[in-house]
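For reference, the structure is listed below as structure tokens.
The first chain written gets the first letter, and so on, giving A, B, C and D; residue counts start at 1 in each chain.
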Amino acid sequence: MLKRHLLAGLAALGLAATFATGALAAHDFKVVYIGKNTGNPYFDSINGGFVDACKQIGCQYEFVAPATAEATSQIPIIEAQIQRGVNVIAIAPNSPDAMNQVLDEARAKGILVLAVNGDLVGNESHRDANILPVDFTKTGPNQVELMGSLIGYKGDIAILSATTEAPDQNTWIAAMKKTLAEDPKYKDMKLVATVYGDDQPEKSTTEMEALLSNYPDLVGVIAPTTVGVAAAAQVVQQRGIADKVHVTGLGLPSEMRDFIKDGTVKAFQLWSPYNEGWLAAYFADGVLNGTIKNEVGTKFDVPNLGSITIGDKNVMNTQAELTTFNADNIDQFNF
Amino acid sequence: MNALRSILLRRETGIAVMIVLFVIAVGIAKPRFLSLEYLRIILLLTPLIMIGAMGQMLVLVARHVDLSIGSTQAFAAMVTAMMFKFHPEIPWYLGFLVSIGVGLGLGFVNGALTTLFRLPSIIVTLGTLNLYRGLTFIISDARQVDRQYIPSALKAMSTTSPILGIPWIIFMALGVALLTYWFASHTRVGRQVFALGSNPAAAPLRGIRVNAITLMVFSISGALAGLSGIMYASRWGFVNPSNTGAGFEFQVIAAVVIGGVSINGGVGSVLGVVLGVLLLGCVSAALPLLGIPGTAQSAIYGAVIIVALLIDRSVRQRGIAALAAQRARA
Amino acid sequence: MTDQTSTPTAVSALDAAPPRPRWQVILIRPETMTFVLLVLAFIVSSSISPYFLDINYILSSFTLYAEFSIVALVLTMVIIAGEIDLSPAANMALSACLFAWTYQATQSMPLAILVGLGAGIAMGAFNAVLVIGMQLPSIIVTIGTLTLYRGLAQIIAGDQSIRLPDYFIGINNDLWLGVPVPVIIFVVVTIALAFFLGATIWGRQIYQIGTNEVAAQHAGIRARRIKFMLFLAMGFASAVAGMMTASRLGSVRYDLGLGGELQMVLMAMLGGTYIFGGRGTILGTFLAAWLLSVISTGMLTAQWLPATQLCVLGLLLIISIVATNLIYSRTQR
Amino acid sequence: MAEAAADTPLIAARGISKSFAQIEVLRDVDLDLRRGEIHALLGENGAGKSTFAKILAGVHRPTRGTLKLNGEPVEIPNPIVAQRLGITLIHQEPISFPDLSVAENLVLGRTRGSPLGRVPWAQMTREARELMDLLGVRMDVTKPMRGLSIADQQMVEIARALASDSRLIIMDEPTAPLTPKEVDTLFAIARRLRDEGRTIVFISHRLEEVRALCDRVTVFRDGNKIATEEIGKLTDADIIRLMIGRPLREYMHKSRAEIGEVALKVENLTLPGTFRDVSFEVKKGEIVGLGGLVGAGRTDVARAIFGVAPATSGTVSINGRPVDIREPSQAIALGLAYVSEDRAVSGIFRTLSVEENITAAIPRKIAPGGIIRGALEKALASESVRKLRIRLASLRQPIGELSGGNQQKAILARWLLTDPSVLILDEPTRGIDIGVKAEFYEMIGELAAGGRAILLISSELPELLALCDRVLVMSEGRLTANIARADATQEAIMSAAVPRSTQAVAA
């Protein structure tokens, strides 16, 4: 799914398609993507998707992000975008509800508001659509299956998460627990603890150390957060116990490459952030030009991604299942 | 008898007792806390704070404060990490020179602004705290430098050990502490820092060059923050323009004031600060073990700073009361 | 050089220095610098972004800074009195969290407001007890309480946000004569405090305390009581600002107003408040609040990196204290 | 340099003058200090002796004049150079670094060498112990200075000078806080140092001590050097005559007031460590002087009465009613006023306008209902300016721009506006020109004549003798004399002011 290297070839196709679909279409709309915060490597990749897509489509794209990921730091930026008269605001919201007012204001001005890589959970009416990398209900089972395959479906495992109330992580953890309990395939795997590293390297490391010392029989740790999985891997690497304790989770290839190469981590998963940006740009183009109806159930084609369906609550995904990264394929990914 | 009494009355003894009591209390609840392994965990939490605290101690002793060390750490670490990224041929150990040098420069700027314009250092460093952080974003184009660019030898400093399984960076932190001890207690200029903080008005009358000393302590603080920057890269394997060094100043100031360094200048010992850092390390290590959420950490730091201030005050007042009583007797 | 005819008594060189020319007294003062900077900021902002110059946009952007600005006005008085408070932004967060939490638990808005304001005042009182009662330096005390209050907010609210009822939301979208309500509140508070500080005896005494606290005490001015009241006022203003922010955002999280202390100090400093006390005006802070809002909005509209904004804010803080110090040392002989 | 001819003076000062803010405090002083002598500088407060000493020690630079050291012209721009030249000044208030140990305080700034050079702790401690043994003082030299009494800190200062091997040691009232035994030791050491060929300059108020110790005396008055003589050639009366110089009656206030009822009554006032069992009363229309040496507790009593630093026991009554004053605002409400000793610290608001300074103590009068009435304030202030003949350019100018005397008048004006029944004046004429002083004396007389009770704290004996109806004297925190005008002489006041035990030494 992540064949960025094929893009060049597909570009011509994309261009041809757009020229064919609408002589009236205006493709030079202005789109801005507001990340959670600057210096977050994850967003570099989403940004890349937008940049490349806009090159194809012909739209004007800019990326901005506040210095810190606090709830209110995106508000002045949104205000500025409204004033600048952009056509599309794509945002990775720092708060599920603090931006309701200002987003409504944007929508009232006719701006298309997309939540990308995160949603306004419980406040879905304040954005037009949401683009998520995968169907989050599948993340939990996927991760459990990967863990099981690493440890031979047997032994004590633990979860190292982000903050206690991180909504995405909590959804996944609930699904993991359900999967472990209900699927007989995993009956010999026992979840002994769930701890929270608050997405800080220091805290995550301390929690990981505490896990290892509290549960000497531990054979696996799932860390469904990029900071956590790197910290957990580092602890395992330092202690030289990679053959005894398997770490997996959701990680960025750029951060995990070293651990994969030296065998500390056998495999981990993620989706393609790049495709989120790619899809968002194409979706916006389609909606603005009337070729895509922003309604639940609409299906449309996106170059490289194939057919996309708008799901419940106007949510769409770039891929069905998580991508698994291991020593064989890690070098193909540079985000 | 008298010697024993004076040892018991020392501030360091108080912190040591607090550490022991804390460790015993946590140990009773969770016996695992008393294991050698936990000692290692605690020790690994301390080196960066320890190094930052040594510089901050000197600054506080000279009656100033440096709030910018977190940003200085980030900037120095970023410069160094970017050097590794774009010039992998440069030997890894030169990174130490670069990181320390950059930190020294930023610290010098703090000192220069403070002395040149006779400004309160707390406001100056509040300004440079933001300025240096902003510069970190700018030079890095707001991008993290990832693990693969940090030389393995540098990362190994945090994982490999010369003896006893204790990693190199802990020895480095101890080395810095010993050097600071030597500097503060056994060099003329070190004693001048204490004299300056003890009585700034009288210092020039004793030939102490106030501006030079102030510049020096800020430069040292900056240089040590720079050193902690490359150690951050070693310990965590990446440098992030936003996360690296965030909140570092609060941890360091908390450790230093717990360690008995007076915010009124003139008072402070390396041993006290080392113990203060250890106590903070114990608390940080105990929180996950006791299942206390990380959200409580910031409140605990705040409370600890205030309690330390109150202790400092009561110690001072006891001194004044003793003096008054003495005069009443005379 | 001097206007000798208007002097009440003839002066020999020995008895008093000649007064400064009147134009100097009026023009060479920090507020003038602030005003000039404000005009410059308008010109620069309009030139770096064609979207900037729009009165409605400027007013509505100001609502984002109005809460900090209101607290900064009170902070100005605290600094003039020779103290400082770095905890108000954390106070805003904790009082807003308690306010929202109470509302969530009881569904009673009056009770929630009472709890929020009470909490703000209690935090102000806690600072005051440490600074005035225990005679600890306010700058370190409030660094401690800044960490403590925000930490408590984090314990209470976790990292979840607490929703507020719809009728409470959106104070910044309410217009009165075409001007957003927070801006009107700010202007009204400015006028009230400018009057208080400039025309009442208590305002006068705040300057006197900040100029020379010992002399003020000797002159029968109850310096400790007045400073205590100022810290309480700080707590109250922070709580109100916290609730205004809550209304603007519609929900409350522990990181509400994070980093606001820098902006508040910056407003006071940019407005020419003297960091060592005794000098400064409400007008200066008023102008500086607009200056800050215009600069930040201008940079945002021009899509400057947030990092550049951090640099600009840090530099501004340093430049403003250097400039203020220079101006005051020039005028003080 | 040390080989200079034996009769070359160690220090030869010629035409030394010094002005502060255009007021000349030292005028054309010529003075030779010989090697191997103890030389006393005498004079009233403000006569210029301390200023001269500070010029020698590099604390002040002379406005005019030259200094020669062993016949060679020298510049002494700062204390460090003075130290290098072998000149040490022991300040009235000891300089100490309270957080450093005694031993460190002794060596600080004395030793030279690389900044990173080792601090020789063991040697330092040993030498400090030896010095302290030499002085006969028992103290732990490894302890911080913070815990030491003022006397012990003074001893450390003296030890410092001894240790630094100075050729010229200037002691500015060193004996005031010392016990007789310590004074004995100090004098023995001073004599020994003289015999080693060093020069000692000794500044003191205590004639007995001067007579016991010194070889020659120089008397200063009003910034001029009046005379330098062998001590043996002068009687005490001669010295006092030289010091006072002018007829006392000059200051006499003319209108004698009607003395009325008791306005201020103080009984057994005690603040441990500062003063004990102080009792006295001041009647309406009476000017009561409060004399004594600096540090005797006079200012502390005034501060206690006024509520700045309340006493722990004892009673104060105003106009016959016992009152409990915990802070100055209460004192003011009861009709007390206190013109404090240190104008810069506890008097003026330097950067604020003269007008604001004058009206600072009468908030209710200028701001009925809390709002300041500008016209009212201006009227009150300019009325005061006229009455007290305050010279200024504008009511709106910062008070810091006025001369010291006019600042002091403004402070007096502030208190007169409160219409006090009891006025405490603490060194009201310190640092003020002679001409303005006379104005002040006149005003004080007028105030008493107007029926106010006045307590005048002063270190200037002529001032007390000229103005007061009675003189109280304090010594070491106790009231030691209550002298009626008729019996008041400088000798009587001094003998009550000098701590009794010290007199034994002089004998």
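Here is the rule we use: a contact is a pair of C-beta atoms (placed from the backbone, for glycine too) under 8 Å apart; a residue touches a chain by one contact, two chains touch by 3 or more.
This one's a predicted model, so the numbers in the text were calculated from it and none came from an experiment.
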Chains contacting each of chain C and chain D, listed by label: B
Chains touching both chain A and chain C: B
From chain A, the most remote chain by mean C-alpha position: D
Comparison of A-B and B-C by number of C-beta pairs in contact, larger one: B-C
Geometric centre distance via CA averages, chain B-chain A, whole Å: 37
Euclidean distance of C-alpha centroids - chain B vs chain C, Å: 31
Distance from chain D to chain B - Cα centre to Cα centre, in angstrom: 45
Computed distance of Cα centres, chain D from chain A, in Å: 77
Touching two or more other chains - residues of chain A: 38, 65, 67-68, 163-164
Residue numbers of chain C (touch at least two other chains): 158-159, 305-307, 309-310
Numbers and ranges of chain B residues touching at least 2 other chains: 133-134, 137, 142, 241, 293, 295, 297
Contacting chain pairs - touch in the sense defined above: A-B, A-C, B-C, B-D, C-D
Parts of chain D lying in touch with chain B, wherever the complex brings them together: 59, 78-80, 83, 95-100, 104, 108-109, 111, 113-119, 121, 146-147, 149-151, 179, 272-274
Complex contacts: residues of chain B adjacent to chain C: 65, 113, 117-120, 122-124, 126-138, 142, 241, 250, 253, 257, 263-264, 293, 295-303, 305-306, 309-310, 313
List of chain B residues in touch with chain A within their complex: 32, 35, 37-38, 41, 45, 133-134, 137, 140, 142-144, 146-148, 158-159, 236-238, 240-243, 284-285, 287-289, 293-295, 297
Chain A-touching residues of chain C, taken from the complex the two chains share: 49, 51-52, 54, 57, 60-61, 64, 158-161, 163, 169-170, 172-173, 245, 248-251, 253, 255-259, 296-297, 300-301, 303, 305-307, 309-310
Chain A residues within the chain C interface of the complex: 38, 62, 64-68, 70-73, 75-77, 79-80, 83-85, 95-101, 105, 163-166
